[in-house]
Amino acid sequence: MEACAEKEKVPVFFERKSSLEKALFIGAAAGLLISFYLIFIWSPIEKTMGLVQKIFYIHVASASTAFIAFFIVFVFSLLFIIKRKRIFDTYAKVSAEIGLVLTTIVLTTGPIWAKSSWNTWWAWEPRLTTTLILWFIYMAYFMIRQMDGVWEKKARLAAVFGMIGFIDVPIVFFSIRWWQSKFHPIVFGAGPSQQGGGVDERMLVTLLVTIFAVLLLYGYLLLKGVALEGMKITLNHRKEKIRERLIQ
Amino acid sequence: MIVARKLTKQADDKFILRGIDLEINKGETVAILGPNGAGKSTLLKVLATLIKPTSGLVSIKGLEMKKSQHEIRKLLGYLPHSSFLYDHFTPLENLVFYGAAYGMDHIEEKAVSLISSVGLSFFLNEPVKNFSRGMVQRVAIARAIIHDPEVLLLDEPHTGLDQGAADTLNSVILTMKEKGTTTLMVTHDFKQAAEICERAVVIKNGKLIANFCLNGKDVNFLHSKYTELVEGGAS
Amino acid sequence: MSGFFKNAFLIAKKDLYSELRTRQVLGTMIIFSGLVILVFSFAFDPAQNTTKAVIPGVIWVIIVFSGILGLNRSFISEQRNDTMQALLISPMDPSSIYFGKLLANFTMILIVELVSVPFLFLLFDFHSIGSVGYFLLVLFLGSFGFISIGTFLAALAANSKSSEMLLPLLLFPVTSPILIGAVQATKIILSNIEKLPDAVAWMQLIGAYDVIFFVLCLILVEYVMEV
Amino acid sequence: MTYLVVAYSIVWLIMFGYIYSLGKKQTKLLKEIEFLKEMENEH
């Protein structure tokens, strides 16, 4: 009886398509297309840096979304430690994965931008250095997840490290900024804040639209990734059921 | 003394314990029997507060495990497969350390008398790493009871022991029993189980399938009953 | 509360006594720090005056790399005969076990520093410490922060089969603020003492890091040590 | 100009690489589910 009831449930679970997921997909695709139009056609060309400055939009959008992704990791890690529900762990894991992908984008576009505008591949500039350390921290997070053992243990350890790592980020940023400004004053006008009030309004709009589009993409990927993880978990669960039935 | 209600333990998708209900009275000596992989050691680890159950309740001496873990830990003496001893320390140093960890007073005298009661007075100041398996097990037994536990949890204590060590262990268990200690013992050794246990429970596939008295019964009774239960297809 | 310190001292005493018995870890750490000094003498010509500039960095490289040797052993040594489980089922709090281990590791790294730093100064002919008091303070603060989060992450990494490889990957990025701050403060104190306020600011940063992470580790260590 | 093109192509390469890996994961899972359903129907 019990087995029968579950047999009914499987297709329902696997073939369900969340409407939120669909909406996010459409939103992200449309948003990215619009931001593309804004970046390449609509927004003006920056005077000193020229065309290359257009890297800035996706660079900053990825960086801020990555940071939000890691914040979500922190939140779900905390929730997992308190409630010990597997779904929280799945959210943290998927969010960290997307955050890591976005950080990788930041770390590749950063040097390209640096090379073109400052003629050096890497500048030990606070934001870039912090991002690099962030990348290492979340790589370490995945090393913990690749340990062998039961999921509960891995999830617990990863959650603890996800919290430690995120709390470390502001301190890392602060110390690096301090280190840089005292010994290698920043000569290059990097990042949005240094450009101060002189930003063209259209540039700001383009940046905001790009950030929003990347955020939507993040939301879609998060839901998709969580759904896939959920599928995997249910699948393993049912496999185990079948294995048991075969043994008995 | 020990009450377990609907105890389950899940590791990934495998159920190791599937709802164990167990009640053990004060001063009883109970054997836990069952085939390999049935979940006996896991049950003992849950009772020893080493691993948390996935669901279910455990209470020891009326204390609920989740709420008063600290108090419960003081009551338990746990003897697993591994010796829990520091290799390069002497038996005395090991016992004094663990005694202090349990907040005991006059540890030194207590440790010395315990070591002589397991027959190792000659080796008081010899590092444990030079000991044979049987000697290590004797020290491990002494370690498990250094803090006068009210509940003794033993995981296959007779395995690999010579006759002398096994007798020592049995006499330790019986002395503790006289003081009112409750003993729970996972074992494969029917002879020893029949000798010192009053009751036996059988676990198979993470479920408790039998619970019967052993008083006055001999090894053969236990053996045939166990074979009937485990191999007779009851599950 | 007194039980907390009593148990922590018990663990620290046990670890240090065990070290006295086996003399494995501390000896290795000191020899290793000597080798680091030797390698640096090849990398930077000790006869040149500019070499003085790398000395603050070398000090912290010694602390970090020999420290990680000790941290690795700290919990692995409890896996033999599953003594870690014995500690966990005893009435001691996980936080007091952590604090005890921290004290033992901290004592060991202080001994390593006591031996290797004078040795380094001697070999590199360095004799103009700006302020001995501040120098010792920055060594203390930096080592404490590094060891406190290091002990915590060692407990975490001990769950893995390849914990020796995992620990540096976890530890180095997380402790980067300490390493930056400690090297900068040491540099100012050793060679540029008139800029002392800057060094003090760095030490405040390290101090804040120490406090935040020590408290955080005490709270979270319970979740790391569950079996 | 080339830098701009390189930068955006790398961005999209990484993005599509990630999405592709998700898609592959999904097909693999769906395949296993089909297999599982067959298994269950047999029993």
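We just call them A, B, C and D in the order they show up, numbering each chain from 1.
What we mean here is this: a residue touches a chain if its C-beta (ideal position, glycine included) is under 8 Å from a C-beta of that chain, and two chains touch if they have at least 3 such contacts.
Keep in mind the model is a prediction, meaning the values are calculated, not measured.
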*asked:* Using only alpha carbons, which chain's centroid is the nearest to the whole structure's centroid?
replied: C
*Could you let me know which interface, B-C or A-D, is made of more C-beta pairs in contact?*
A-D
*asked:* Suppose each chain is reduced to the average of its Cα coordinates; what separation in Å results between chain A and chain D?
replied: 17
*asked:* For chain B versus chain C, what separation do you get between their C-alpha means, in angstrom?
replied: 40
*If you average the Cα atoms of chain C and of chain D to get two centres, how far apart are those centres in Å?*
44
_Separation of mean Cα positions, chain C and chain A [Å, integer]_ = 32
*Give me the residues of chain C that touch two or more other chains.*
226
*Hey, which chains are touching each other here?*
A-B, A-C, A-D, B-C
*Residue numbers on chain B that touch chain A, as the complex places them*: 11-14, 235
*Can you check the complex and tell me which residues of chain A touch chain D?*
7, 10-11, 14, 51-52, 54-55, 58, 62, 98, 101, 104-105, 108-109, 112-113, 115-116, 217, 221, 224-225, 228, 231-232, 235, 238-239, 242, 245
*Along chain A, where are the residues that touch chain B in the complex?*
150-152, 236-237, 239-241, 248
*Over in the complex, which chain D residues touch chain A? Could you list them?*
1, 3-4, 6-8, 10-11, 14-15, 18-19, 22, 25-26, 29-30, 32-33, 36-37, 39-40, 43
*Touching residues on chain B, where the partner in the complex is chain C*: 45, 48-52, 70, 73-74, 76, 78, 80, 82-89, 93, 97-98, 100-103, 143
